[in-house]
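In the two complexes that follow, chain A is the common piece, with chain B as its partner first and chain C second.
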Partner chain A sequence: MLEIKSLKKYYRTPLGGVEALRGVDLKIGQGEIIGLFGENGAGKTTLLKSILGFLPYEGEVLLDGEKIRRSNISRLSFATCEHSFFPNLTPEAHREFYKMHFGTFRDKRYEALMNFFELPKRKALKNYSTGQKNQFEVIMALCQGADYILMDEPFVGNDIFNREDFYKVLLGILEPEETILLSTHLLEEVDKFVGRAVLLRQGRVIGDVTMVELEEQNKTLMDYVKEVYGYRPDRVERALEELTGGEDE
Partner chain B sequence: MITKRKKREGCFPPGYEYGEQERIGGIFLLAAGVLFSLRFFGRLYGMIQNLYIYVGQKRMLREDAEVAAFGRLIQGHWVPYIPFFLFLIVMAFYHYSYYYRGTKSIYLMRRLPAKGVLPASCVREPLFGMAAGAAVFGLLELLYYGIYLLAVPSGL
Partner chain C sequence: MTMTAGKWQRNARGAASIWALLARSSIYKLLALAAVMALGEAALFYISMRGGRGYELTDVINSSKISTTFLAALGLWLSALAGTERNIEEKSGNTINRLTLSRRGIFWVKAVFNIGCLVILFALQIWIAIWMVGAFGRERPEAYASPQRLFLAFYRIEFLHCLLPLAEAGKWVRNVFLVLALGMEAAAYVKGVPLTLLLLYFVTAGWFVGPVGGGLTDALCILVCVAVMVSNVWRLWKKDA
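Moving on to the complex of A and B:
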């Protein structure tokens, strides 16, 4: 279980400061596939980076009751749209690096995914296309052998077929104890992939629902998000009327 | 089997292109050695010349001839090495900044379970360079001490 308790994060800026996270409480059970949604600036990336210890924060992040330290950090992996690989190294060199540092590296899974997505293994990553880089980033996060796989907008720049293939493959290869926390804007794509949706807004969790609950309520994920966000469907119409209404008359 | 190249690569952050850095470091070290040598030989020549006088065409040792101690000849010998050592210190920080360039491999490095991998990757090569510089420095001093002993007239 990954427990986040009263997580707060404040960024100091020249103009004062920004409270990126305002007391986030979350429990993530092993084996869950969770979509983390929110508008730009909601705090999704800050939340993921705080969990991983990349940012100082107030509050607590516990993994099975223990703080995240060197002794248990390898139980978490990370795939980010900023990419965390070494651009001058080849995938094969990365495989050696991961095997050296992470004793749980999944070699067979690495081979299978690299072959499935037809990624060249001996080409330096700086020469990959953006889509290929994203794929490789996610592959390494999946092959590290972690229990909790955190992904921050990993598919920015990939085409839809590519993304759909990835969701299908992910669902197929994930083991019951592997947990995914996926931050994405692509709501309508991932609703068939995730089992639970957590909504962030201005640093707070404003929604937390399982797909089963939504199904019982006969709602789609998009319906739920619009409801929670207080989305007004006539907003665009009204704005257009204001802009053009006088001219039409 | 770990090749020489792999061993060399292991001194730097993963994937770091070190060729240019090695070249510049080599130039700094060579320049320091050359400057040290020029200063030493210049002072040695001056000292030797001051030991003699010319009587007609004949060169004769002065009666009050005094040989300067080796230490005086190499005084301030470490000064030419300062730019080399400063370069190495700057390189340690430059190695750290590598993890923010192009991608954010710092996120991977900060997740490694083994202690000290990140800082070691930044300072290993600069420390190795400092040791190499000190070794070159020491060898030159030893060599020039031998030259000094040979150059000093017997009996002095």
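Moving on to the complex of A and C:
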């Protein structure tokens, strides 16, 4: 279980400061696939980086009751659109590197995914296309052998077919103990992939629902998000009216 | 006991992988710089020897400006090391920060790697100097026929003496401290302008070549190096604490 308790993060800026996280509480059970949604600046990336300990924060992040330290950090892996790999190295060199650091590295999965996505194994990653880089980033996060796989907009720059393939492959290969926390804007694409949706707004969790609950309420994920965010469907219509009305006069 | 051995083995494997990462990321740059330095010095030496800029070996080596070439190469070598390591931290920090090896451990691996590279650069320069002495002997046997010409060259030519100080213990100590401090400071550089590294480099460039027995500048140099090393260890200790 990954427990996040009263997590707060404050960024100092020359003009004062920004409260990126305002007391986030979240419990993530092993084996869950969670979508983390929110507008730009809602705090998704900050939350993921705080969980990983990349940023100093107030509050607590516990992994099976223990603070995240060097001794247990290998139970978390991370895929991000900012990329984590070493650009000068080839995938094979990465595999060796990961195997030396993470005893749980999934070699068979690595082979299968590299072959499935037809990624060249002996080409330096800096020479990959953006889409290939993203694929490799996610492959390494999946192959590290971590129990909790954190993903931050991992498919920015990949085409729709590619993303679809990834979701399907992910669902097919994940072991029951593997947990995914996926931050993305692509709501409609992942609603069949995630089992639970967490909505962030201005550093606070404003919605947390399972897909089963939504199904029972006969709602789609998009309906739920619009409802929670207070989205007004007539907003565009009224704006257009105002704009075009001005011209008529 | 088994746990300790296992942990030690894991850390050793982690350190070896960081070492391999550093080598893979910097080897081509370092080799290219070493080749340019060696070729440049050889060319300058031949120009100086055949262009009649002195009859004695001392004059030829001094006029070929190999000390300037070496110090410039040292600067570029340091910038390649520090730049590569900064790039790894900057572009792959998300991976580096998730390793089981501590930041302190990573720093020491980087420092030892840098120190090893600097020792190789010094060794290469000494080898080039020995080759120059040999080449001069072959070119002008009448001018420098002494069987002790190699030994004498490392005493008479200030730059060569500072590079390989023979019996002058003070300069050996200074050189060891310089290499340690430069290696550690390059390893400590993560972002921004590497002010301390630049300072240390300028101290090296300014004070490296000096007269035999130049005790004061050597002592000052050692003092600066010690201050840099202590500040690095202190920062590291504070960060991990």
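Everything that follows uses one rule, which is that the second predicted complex is superposed on the first by the 246 of 249 C-alpha atoms of A that agree within 3 Å, B and C clash if a C-alpha of one lies under 4 Å from a C-alpha of the other, contacts with A are read in each partner's own complex, and residues count from 1 in each chain.
Keep in mind that, in the parts below, a residue touches a chain if its C-beta (ideal position, glycine included) is under 8 Å from a C-beta of that chain, and two chains touch if they have at least 3 such contacts.
This is a predicted model, so every value here is computed, not measured.
Student: Overlaying the two complexes on chain A, which is it for chain B and chain C: clash or fit?
Tutor: clash
Student: May I ask you to decide whether A:Ile73 touches chain B, chain C, both, or neither, giving the answer as first, second, both or neither?
Tutor: both
Student: Look at A:Phe85 in the shared chain and tell me whether it touches chain B only, chain C only, both, or neither; answer first, second, both or neither.
Tutor: Both partners, chain B and chain C.
Student: Tell me the contact category for A:Phe97 with respect to chain B and chain C: first, second, both or neither.
Tutor: The answer is both, since A:Phe97 touches chain B and chain C.
Student: Let me test your reading of the model: by the given contact rule, A:Phe54 touches which partner, first (chain B), second (chain C), both or neither?
Tutor: Both partners.
Student: A:Ile33 contacts which: chain B (first), chain C (second), both, neither?
Tutor: It touches nothing on chain B or chain C.
Student: Looking at 130-138, 202-210 or 220-228, which bit of chain C clashes with chain B?
Tutor: 202-210
Student: Overlap the chain B and chain C contact sets on chain A and report the shared residues.
Tutor: Shared contact residues on chain A: 52-54, 70-71, 73-74, 76-78, 80, 82-89, 93, 97, 101.
Student: Within their complex, state which residues of chain C touch chain A.
Tutor: Per the stated touch rule, the residues are 10, 13-14, 16-17, 20-21, 24-25, 88, 91-95, 97-102.
Student: In the complex formed with chain B, which residues of chain A make contact?
Tutor: Those in contact with chain B are residues 52-54, 70-71, 73-74, 76-78, 80, 82-89, 93, 97, 101-102, 126.
Student: Show which residues of chain B lie in contact with chain A when the two form their complex.
Tutor: My answer: residues 13-17, 102-108, 110-115, 117.
Student: Would you pull the chain A residues touching chain C in the complex into a rising list?
Tutor: By the definition above, chain A touches chain C via 52-54, 70-71, 73-74, 76-78, 80, 82-89, 93, 96-97, 100-101, 103.
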